[in-house]
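Naming follows writing order (A, B, C and D), and every chain is counted from residue 1.
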Amino acid sequence: MTTDKPGAGHNSGDDEQQTTRIGGIAAEALRSFIERIERLHEEKKALEGDLKDVYAQCKSQGFDTKIIKRLIALRRIDPQAREEGAQLLALYAAAIGEQLPLNL
Amino acid sequence: MTTDKPGAGHNSGDDEQQTTRIGGIAAEALRSFIERIERLHEEKKALEGDLKDVYAQCKSQGFDTKIIKRLIALRRIDPQAREEGAQLLALYAAAIGEQLPLNL
Amino acid sequence: MTTDKPGAGHNSGDDEQQTTRIGGIAAEALRSFIERIERLHEEKKALEGDLKDVYAQCKSQGFDTKIIKRLIALRRIDPQAREEGAQLLALYAAAIGEQLPLNL
Amino acid sequence: MTTDKPGAGHNSGDDEQQTTRIGGIAAEALRSFIERIERLHEEKKALEGDLKDVYAQCKSQGFDTKIIKRLIALRRIDPQAREEGAQLLALYAAAIGEQLPLNL
(Lines give C-alpha, C1' and ligand atoms only; values in the text may rest on other atoms or scores of the structure.)
Protein backbone atom coordinates (compact mmCIF):
# COMPACT_ATOMS: atom_id res chain seq x y z
CA MET A 1 0.00 0.00 0.00
CA THR A 2 1.57 3.31 -1.01
CA THR A 3 0.49 6.86 -0.22
CA ASP A 4 1.52 9.20 -2.94
CA LYS A 5 0.53 12.27 -4.85
CA PRO A 6 -3.00 12.28 -6.38
CA GLY A 7 -4.04 9.63 -8.84
CA ALA A 8 -7.50 8.07 -9.37
CA GLY A 9 -8.79 4.67 -10.39
CA HIS A 10 -6.15 2.92 -12.41
CA ASN A 11 -4.98 5.69 -14.69
CA SER A 12 -3.13 8.64 -13.32
CA GLY A 13 -5.21 11.83 -13.18
CA ASP A 14 -5.32 14.85 -10.94
CA ASP A 15 -7.12 14.38 -7.62
CA GLU A 16 -6.45 16.98 -4.97
CA GLN A 17 -6.70 14.78 -1.80
CA GLN A 18 -3.67 12.77 -0.66
CA THR A 19 -4.44 9.32 -2.09
CA THR A 20 -3.79 5.93 -0.60
CA ARG A 21 -3.30 3.50 -3.48
CA ILE A 22 -3.90 -0.18 -2.99
CA GLY A 23 -2.84 -2.26 -5.95
CA GLY A 24 -2.95 0.96 -7.98
CA ILE A 25 -6.52 1.70 -6.85
CA ALA A 26 -7.27 5.18 -5.41
CA ALA A 27 -8.90 3.86 -2.26
CA GLU A 28 -10.57 7.10 -1.02
CA ALA A 29 -12.02 7.89 -4.42
CA LEU A 30 -13.41 4.37 -4.76
CA ARG A 31 -14.85 4.39 -1.23
CA SER A 32 -16.50 7.75 -1.75
CA PHE A 33 -18.07 6.62 -5.03
CA ILE A 34 -19.36 3.42 -3.43
CA GLU A 35 -20.82 5.25 -0.46
CA ARG A 36 -22.51 7.84 -2.70
CA ILE A 37 -24.01 5.07 -4.85
CA GLU A 38 -25.22 3.20 -1.78
CA ARG A 39 -26.82 6.35 -0.34
CA LEU A 40 -28.62 6.99 -3.65
CA HIS A 41 -29.89 3.39 -3.68
CA GLU A 42 -31.14 3.84 -0.11
CA GLU A 43 -32.99 7.01 -1.08
CA LYS A 44 -34.45 5.27 -4.12
CA LYS A 45 -35.62 2.37 -1.98
CA ALA A 46 -37.30 4.81 0.43
CA LEU A 47 -39.09 6.51 -2.46
CA GLU A 48 -40.31 3.15 -3.75
CA GLY A 49 -41.62 2.46 -0.25
CA ASP A 50 -43.44 5.81 -0.26
CA LEU A 51 -44.97 5.01 -3.68
CA LYS A 52 -46.18 1.68 -2.35
CA ASP A 53 -47.76 3.44 0.64
CA VAL A 54 -49.56 5.98 -1.53
CA TYR A 55 -50.98 3.24 -3.76
CA ALA A 56 -52.07 1.34 -0.65
CA GLN A 57 -53.90 4.48 0.54
CA CYS A 58 -55.51 4.85 -2.89
CA LYS A 59 -56.78 1.28 -2.65
CA SER A 60 -58.02 1.72 0.88
CA GLN A 61 -60.06 4.70 -0.30
CA GLY A 62 -61.67 2.69 -3.07
CA PHE A 63 -59.64 3.91 -6.03
CA ASP A 64 -58.55 1.54 -8.84
CA THR A 65 -54.75 1.75 -8.85
CA LYS A 66 -54.43 0.33 -12.39
CA ILE A 67 -56.57 3.14 -13.75
CA ILE A 68 -54.62 5.70 -11.70
CA LYS A 69 -51.37 4.37 -13.19
CA ARG A 70 -52.88 4.55 -16.68
CA LEU A 71 -54.01 8.14 -16.11
CA ILE A 72 -50.58 9.12 -14.79
CA ALA A 73 -48.95 7.49 -17.84
CA LEU A 74 -51.26 9.48 -20.13
CA ARG A 75 -50.57 12.73 -18.28
CA ARG A 76 -46.92 12.28 -19.20
CA ILE A 77 -47.77 12.41 -22.89
CA ASP A 78 -48.36 15.83 -24.39
CA PRO A 79 -52.06 16.29 -25.29
CA GLN A 80 -51.50 16.52 -29.01
CA ALA A 81 -49.42 13.34 -29.10
CA ARG A 82 -52.12 11.68 -26.97
CA GLU A 83 -54.75 12.70 -29.48
CA GLU A 84 -52.74 11.41 -32.43
CA GLY A 85 -52.03 8.18 -30.58
CA ALA A 86 -55.70 7.67 -29.85
CA GLN A 87 -56.64 8.20 -33.48
CA LEU A 88 -53.97 5.85 -34.75
CA LEU A 89 -55.00 3.24 -32.18
CA ALA A 90 -58.62 3.49 -33.36
CA LEU A 91 -57.45 3.18 -36.98
CA TYR A 92 -55.30 0.12 -36.28
CA ALA A 93 -58.10 -1.47 -34.23
CA ALA A 94 -60.63 -0.88 -37.01
CA ALA A 95 -58.18 -2.24 -39.59
CA ILE A 96 -58.02 -5.58 -37.79
CA GLY A 97 -61.65 -5.53 -36.72
CA GLU A 98 -60.91 -5.09 -33.04
CA GLN A 99 -63.75 -3.46 -31.12
CA LEU A 100 -62.24 -0.91 -28.72
CA PRO A 101 -64.30 1.09 -26.20
CA LEU A 102 -64.52 4.79 -27.03
CA ASN A 103 -62.08 5.76 -24.30
CA LEU A 104 -59.83 3.24 -22.67
CA MET B 1 -15.64 -37.63 -4.56
CA THR B 2 -17.82 -40.69 -3.88
CA THR B 3 -20.08 -42.66 -6.22
CA ASP B 4 -22.95 -44.16 -4.36
CA LYS B 5 -26.59 -45.00 -4.64
CA PRO B 6 -28.99 -42.14 -5.62
CA GLY B 7 -29.14 -38.99 -3.59
CA ALA B 8 -30.19 -35.49 -4.68
CA GLY B 9 -28.91 -31.98 -3.95
CA HIS B 10 -27.85 -31.91 -0.35
CA ASN B 11 -30.56 -33.90 1.31
CA SER B 12 -30.91 -37.59 0.66
CA GLY B 13 -33.77 -38.52 -1.69
CA ASP B 14 -34.39 -41.19 -4.32
CA ASP B 15 -32.89 -40.60 -7.80
CA GLU B 16 -32.68 -43.50 -10.26
CA GLN B 17 -29.36 -42.74 -12.02
CA GLN B 18 -26.10 -43.74 -10.39
CA THR B 19 -25.02 -40.49 -8.67
CA THR B 20 -21.59 -39.09 -8.34
CA ARG B 21 -21.55 -36.93 -5.26
CA ILE B 22 -19.08 -34.12 -4.87
CA GLY B 23 -19.12 -32.58 -1.45
CA GLY B 24 -22.60 -34.11 -1.04
CA ILE B 25 -23.80 -32.61 -4.31
CA ALA B 26 -25.52 -34.89 -6.85
CA ALA B 27 -23.35 -33.82 -9.77
CA GLU B 28 -25.41 -35.32 -12.65
CA ALA B 29 -28.66 -33.89 -11.34
CA LEU B 30 -27.08 -30.46 -10.94
CA ARG B 31 -25.49 -30.56 -14.38
CA SER B 32 -28.74 -31.60 -16.03
CA PHE B 33 -30.68 -28.82 -14.32
CA ILE B 34 -28.07 -26.24 -15.33
CA GLU B 35 -28.02 -27.42 -18.94
CA ARG B 36 -31.85 -27.40 -19.15
CA ILE B 37 -31.97 -23.87 -17.71
CA GLU B 38 -29.29 -22.68 -20.12
CA ARG B 39 -31.16 -24.20 -23.10
CA LEU B 40 -34.38 -22.48 -22.02
CA HIS B 41 -32.53 -19.15 -21.73
CA GLU B 42 -31.11 -19.69 -25.21
CA GLU B 43 -34.57 -20.34 -26.62
CA LYS B 44 -35.94 -17.27 -24.82
CA LYS B 45 -33.14 -15.14 -26.23
CA ALA B 46 -33.92 -16.40 -29.72
CA LEU B 47 -37.60 -15.51 -29.27
CA GLU B 48 -36.65 -12.02 -28.11
CA GLY B 49 -34.56 -11.68 -31.23
CA ASP B 50 -37.53 -12.78 -33.36
CA LEU B 51 -39.74 -10.21 -31.62
CA LYS B 52 -37.19 -7.51 -32.33
CA ASP B 53 -37.12 -8.55 -36.00
CA VAL B 54 -40.91 -8.43 -36.32
CA TYR B 55 -41.04 -4.96 -34.78
CA ALA B 56 -38.27 -3.85 -37.13
CA GLN B 57 -40.34 -5.14 -40.08
CA CYS B 58 -43.39 -3.28 -38.72
CA LYS B 59 -41.37 -0.09 -38.61
CA SER B 60 -39.95 -0.61 -42.07
CA GLN B 61 -43.50 -0.93 -43.39
CA GLY B 62 -44.51 2.34 -41.78
CA PHE B 63 -46.40 1.04 -38.75
CA ASP B 64 -46.13 2.75 -35.35
CA THR B 65 -44.74 0.08 -33.03
CA LYS B 66 -45.87 1.88 -29.85
CA ILE B 67 -49.46 1.79 -31.04
CA ILE B 68 -49.10 -1.86 -32.07
CA LYS B 69 -47.84 -2.69 -28.58
CA ARG B 70 -50.75 -0.77 -27.05
CA LEU B 71 -53.25 -2.62 -29.25
CA ILE B 72 -51.70 -5.98 -28.35
CA ALA B 73 -51.86 -5.06 -24.63
CA LEU B 74 -55.55 -4.19 -25.02
CA ARG B 75 -56.29 -7.42 -26.89
CA ARG B 76 -55.10 -9.29 -23.80
CA ILE B 77 -57.82 -7.69 -21.70
CA ASP B 78 -61.29 -9.16 -22.01
CA PRO B 79 -63.65 -6.77 -23.84
CA GLN B 80 -65.93 -6.18 -20.89
CA ALA B 81 -63.02 -5.37 -18.56
CA ARG B 82 -61.68 -3.08 -21.29
CA GLU B 83 -64.99 -1.27 -21.44
CA GLU B 84 -65.16 -0.84 -17.68
CA GLY B 85 -61.55 0.35 -17.58
CA ALA B 86 -62.25 2.90 -20.27
CA GLN B 87 -65.25 4.28 -18.40
CA LEU B 88 -63.40 4.49 -15.12
CA LEU B 89 -60.47 6.19 -16.85
CA ALA B 90 -62.85 8.77 -18.31
CA LEU B 91 -64.42 9.30 -14.89
CA TYR B 92 -61.08 9.75 -13.15
CA ALA B 93 -59.86 12.08 -15.91
CA ALA B 94 -63.01 14.19 -15.65
CA ALA B 95 -62.73 14.26 -11.85
CA ILE B 96 -59.30 15.90 -12.06
CA GLY B 97 -60.12 17.97 -15.11
CA GLU B 98 -57.83 16.06 -17.45
CA GLN B 99 -58.87 16.24 -21.11
CA LEU B 100 -58.46 12.78 -22.64
CA PRO B 101 -59.04 12.03 -26.34
CA LEU B 102 -62.09 9.90 -26.94
CA ASN B 103 -60.06 6.78 -27.65
CA LEU B 104 -56.41 6.39 -26.73
CA MET C 1 -71.13 17.09 -10.10
CA THR C 2 -72.24 17.24 -6.47
CA THR C 3 -70.50 18.75 -3.47
CA ASP C 4 -71.39 16.91 -0.32
CA LYS C 5 -70.05 15.78 2.97
CA PRO C 6 -66.84 13.64 2.85
CA GLY C 7 -66.75 10.53 0.78
CA ALA C 8 -63.75 8.82 -0.85
CA GLY C 9 -63.09 6.96 -4.06
CA HIS C 10 -66.22 5.06 -4.90
CA ASN C 11 -67.25 3.75 -1.54
CA SER C 12 -68.41 6.07 1.19
CA GLY C 13 -65.85 6.73 3.89
CA ASP C 14 -64.93 9.65 6.09
CA ASP C 15 -62.67 12.35 4.61
CA GLU C 16 -62.28 15.66 6.43
CA GLN C 17 -62.08 18.06 3.44
CA GLN C 18 -65.29 19.11 1.72
CA THR C 19 -65.44 16.73 -1.27
CA THR C 20 -66.48 17.47 -4.80
CA ARG C 21 -67.73 14.24 -6.30
CA ILE C 22 -67.68 13.67 -10.03
CA GLY C 23 -69.48 10.54 -11.07
CA GLY C 24 -69.07 9.38 -7.47
CA ILE C 25 -65.34 10.07 -7.51
CA ALA C 26 -63.83 12.17 -4.69
CA ALA C 27 -62.03 14.57 -7.00
CA GLU C 28 -59.72 16.27 -4.46
CA ALA C 29 -58.61 13.00 -2.95
CA LEU C 30 -57.88 11.57 -6.41
CA ARG C 31 -56.02 14.70 -7.52
CA SER C 32 -53.91 14.75 -4.36
CA PHE C 33 -52.96 11.09 -4.76
CA ILE C 34 -52.04 11.59 -8.42
CA GLU C 35 -49.92 14.66 -7.65
CA ARG C 36 -48.13 12.88 -4.78
CA ILE C 37 -47.39 9.87 -7.03
CA GLU C 38 -46.14 12.15 -9.81
CA ARG C 39 -43.85 14.01 -7.39
CA LEU C 40 -42.41 10.72 -6.10
CA HIS C 41 -41.77 9.58 -9.69
CA GLU C 42 -40.02 12.89 -10.38
CA GLU C 43 -37.80 12.46 -7.33
CA LYS C 44 -37.05 8.87 -8.35
CA LYS C 45 -36.14 9.99 -11.85
CA ALA C 46 -33.79 12.61 -10.38
CA LEU C 47 -32.10 9.98 -8.22
CA GLU C 48 -31.65 7.71 -11.23
CA GLY C 49 -30.03 10.64 -13.01
CA ASP C 50 -27.69 11.17 -10.04
CA LEU C 51 -26.77 7.47 -10.09
CA LYS C 52 -25.98 7.70 -13.78
CA ASP C 53 -23.76 10.74 -13.10
CA VAL C 54 -21.84 8.98 -10.33
CA TYR C 55 -21.21 5.95 -12.53
CA ALA C 56 -20.06 8.27 -15.33
CA GLN C 57 -17.60 9.90 -12.90
CA CYS C 58 -16.39 6.43 -11.82
CA LYS C 59 -15.73 5.56 -15.46
CA SER C 60 -14.00 8.85 -16.15
CA GLN C 61 -11.64 8.13 -13.26
CA GLY C 62 -10.78 4.72 -14.65
CA PHE C 63 -12.92 2.53 -12.41
CA ASP C 64 -14.74 -0.55 -13.78
CA THR C 65 -18.42 0.11 -13.07
CA LYS C 66 -19.44 -3.55 -13.44
CA ILE C 67 -17.04 -4.52 -10.66
CA ILE C 68 -18.25 -1.59 -8.51
CA LYS C 69 -21.84 -2.83 -8.96
CA ARG C 70 -20.77 -6.36 -8.05
CA LEU C 71 -18.98 -5.11 -4.93
CA ILE C 72 -22.00 -3.05 -3.88
CA ALA C 73 -24.27 -6.09 -4.40
CA LEU C 74 -21.96 -8.16 -2.20
CA ARG C 75 -21.84 -5.49 0.52
CA ARG C 76 -25.61 -5.87 0.80
CA ILE C 77 -25.24 -9.50 1.80
CA ASP C 78 -24.27 -10.18 5.40
CA PRO C 79 -20.70 -11.52 5.61
CA GLN C 80 -21.65 -14.92 6.92
CA ALA C 81 -24.23 -15.47 4.18
CA ARG C 82 -21.60 -14.29 1.68
CA GLU C 83 -19.17 -16.86 2.99
CA GLU C 84 -21.73 -19.67 2.81
CA GLY C 85 -22.74 -18.60 -0.68
CA ALA C 86 -19.13 -18.63 -1.83
CA GLN C 87 -18.57 -22.12 -0.48
CA LEU C 88 -21.73 -23.47 -2.04
CA LEU C 89 -20.84 -21.83 -5.36
CA ALA C 90 -17.41 -23.50 -5.24
CA LEU C 91 -19.08 -26.84 -4.44
CA TYR C 92 -21.59 -26.59 -7.28
CA ALA C 93 -18.86 -25.47 -9.69
CA ALA C 94 -16.64 -28.40 -8.70
CA ALA C 95 -19.58 -30.79 -8.99
CA ILE C 96 -20.08 -29.87 -12.66
CA GLY C 97 -16.39 -29.44 -13.37
CA GLU C 98 -16.58 -25.67 -13.84
CA GLN C 99 -13.28 -23.90 -13.13
CA LEU C 100 -14.04 -20.73 -11.16
CA PRO C 101 -11.39 -18.17 -10.20
CA LEU C 102 -10.71 -18.10 -6.48
CA ASN C 103 -12.58 -14.84 -5.94
CA LEU C 104 -15.08 -13.42 -8.39
CA MET D 1 -62.58 0.99 -46.82
CA THR D 2 -60.83 0.62 -50.18
CA THR D 3 -59.26 -2.43 -51.81
CA ASP D 4 -56.46 -1.39 -54.05
CA LYS D 5 -53.12 -2.38 -55.29
CA PRO D 6 -50.41 -3.14 -52.64
CA GLY D 7 -49.51 -0.50 -50.06
CA ALA D 8 -48.08 -1.02 -46.56
CA GLY D 9 -48.60 0.72 -43.24
CA HIS D 10 -49.13 4.40 -43.95
CA ASN D 11 -46.53 5.04 -46.57
CA SER D 12 -46.90 3.58 -50.01
CA GLY D 13 -44.58 0.58 -50.55
CA ASP D 14 -44.71 -2.63 -52.54
CA ASP D 15 -46.60 -5.54 -50.95
CA GLU D 16 -47.50 -8.50 -53.18
CA GLN D 17 -50.89 -9.53 -51.63
CA GLN D 18 -54.07 -7.64 -52.61
CA THR D 19 -54.42 -5.16 -49.73
CA THR D 20 -57.51 -3.98 -47.97
CA ARG D 21 -56.78 -0.50 -46.72
CA ILE D 22 -58.69 0.96 -43.82
CA GLY D 23 -57.94 4.60 -43.25
CA GLY D 24 -54.76 4.04 -45.27
CA ILE D 25 -53.75 1.08 -43.11
CA ALA D 26 -52.78 -2.19 -44.82
CA ALA D 27 -55.10 -4.35 -42.76
CA GLU D 28 -53.69 -7.82 -43.65
CA ALA D 29 -50.11 -6.76 -43.05
CA LEU D 30 -51.04 -5.25 -39.68
CA ARG D 31 -53.06 -8.30 -38.67
CA SER D 32 -50.28 -10.69 -39.63
CA PHE D 33 -47.70 -8.69 -37.66
CA ILE D 34 -49.95 -8.59 -34.60
CA GLU D 35 -50.66 -12.31 -34.74
CA ARG D 36 -46.94 -13.15 -35.16
CA ILE D 37 -46.07 -10.94 -32.17
CA GLU D 38 -48.81 -12.50 -30.06
CA ARG D 39 -47.61 -16.01 -30.95
CA LEU D 40 -44.03 -15.11 -29.98
CA HIS D 41 -45.27 -13.70 -26.64
CA GLU D 42 -47.20 -16.93 -26.05
CA GLU D 43 -44.09 -19.02 -26.72
CA LYS D 44 -42.04 -16.76 -24.45
CA LYS D 45 -44.61 -17.12 -21.69
CA ALA D 46 -44.47 -20.91 -22.04
CA LEU D 47 -40.66 -20.85 -21.79
CA GLU D 48 -40.86 -18.72 -18.65
CA GLY D 49 -43.26 -21.29 -17.22
CA ASP D 50 -40.78 -24.07 -18.07
CA LEU D 51 -37.97 -22.14 -16.38
CA LYS D 52 -40.12 -21.74 -13.28
CA ASP D 53 -40.80 -25.49 -13.27
CA VAL D 54 -37.12 -26.39 -13.56
CA TYR D 55 -36.22 -24.07 -10.68
CA ALA D 56 -39.03 -25.59 -8.62
CA GLN D 57 -37.59 -29.07 -9.31
CA CYS D 58 -34.12 -27.80 -8.32
CA LYS D 59 -35.55 -26.59 -5.03
CA SER D 60 -37.46 -29.78 -4.40
CA GLN D 61 -34.19 -31.70 -4.82
CA GLY D 62 -32.44 -29.54 -2.25
CA PHE D 63 -30.46 -27.26 -4.57
CA ASP D 64 -30.00 -23.53 -3.81
CA THR D 65 -31.52 -21.75 -6.81
CA LYS D 66 -29.72 -18.46 -6.10
CA ILE D 67 -26.37 -20.20 -6.33
CA ILE D 68 -27.46 -22.03 -9.49
CA LYS D 69 -28.40 -18.68 -11.04
CA ARG D 70 -25.04 -17.22 -10.00
CA LEU D 71 -23.18 -20.20 -11.51
CA ILE D 72 -25.15 -19.91 -14.76
CA ALA D 73 -24.36 -16.17 -14.90
CA LEU D 74 -20.67 -16.92 -14.43
CA ARG D 75 -20.71 -19.64 -17.11
CA ARG D 76 -21.82 -16.96 -19.57
CA ILE D 77 -18.63 -15.02 -18.98
CA ASP D 78 -15.54 -16.24 -20.76
CA PRO D 79 -13.05 -17.78 -18.29
CA GLN D 80 -10.36 -15.19 -18.84
CA ALA D 81 -12.77 -12.28 -18.31
CA ARG D 82 -14.04 -14.10 -15.21
CA GLU D 83 -10.52 -14.35 -13.87
CA GLU D 84 -9.79 -10.67 -14.52
CA GLY D 85 -13.12 -9.68 -12.94
CA ALA D 86 -12.34 -11.73 -9.84
CA GLN D 87 -8.93 -10.12 -9.45
CA LEU D 88 -10.30 -6.61 -9.90
CA LEU D 89 -13.09 -7.36 -7.42
CA ALA D 90 -10.52 -8.52 -4.87
CA LEU D 91 -8.47 -5.38 -5.50
CA TYR D 92 -11.45 -3.04 -5.11
CA ALA D 93 -12.58 -4.89 -1.98
CA ALA D 94 -9.11 -4.65 -0.44
CA ALA D 95 -8.90 -0.96 -1.36
CA ILE D 96 -12.00 -0.19 0.70
CA GLY D 97 -11.23 -2.72 3.40
CA GLU D 98 -14.09 -5.07 2.52
CA GLN D 99 -13.52 -8.65 3.58
CA LEU D 100 -14.68 -10.90 0.74
CA PRO D 101 -14.71 -14.71 0.98
CA LEU D 102 -12.14 -16.38 -1.27
CA ASN D 103 -14.77 -17.50 -3.76
CA LEU D 104 -18.24 -16.01 -3.82
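Some notes on this structure:
The rule is short, and it goes like this: contacts are C-beta pairs under 8 Å (C-beta built on N, C-alpha and C of every residue); 3 or more make two chains touch, one makes a residue touch a chain.
Chain identities (UniProt): A, B, C, D = GapR-like DNA-binding domain-containing protein.
Keep in mind that this is a model prediction, so the values were computed, not measured.
Between B-C and A-B, more C-beta contact pairs join the chains of A-B. Computed from the mean C-alpha positions, the centre of chain A lies at a distance of 22 Å from the centre of chain B. The distance from the centre of chain B to the centre of chain D, each centre being the mean of the chain's C-alpha atoms, comes to 8 Å.
Among all residues of chain B, those that touch two or more other chains are 26, 30, 34, 63, 68, 71, 75, 92, 96. Contact topology of the protein chains: fully connected, every pair of chains touching. Residue ranges on chain C touching chain A, taken from their complex, read 8-11, 13, 15, 26, 29-30, 33-34, 36-38, 40-41, 43-44, 47-48, 50-51, 54-55, 57-58, 61-63, 68, 71-72, 75. For chain D in complex with chain C, the residues that touch the partner chain are 63-64, 66-68, 70-71, 74-75, 79, 82-83, 85-90, 92-93, 96, 98-104. Note for the complex: chain C touches chain B at residues 22-27, 30-31, 34, 91-92, 94-96.
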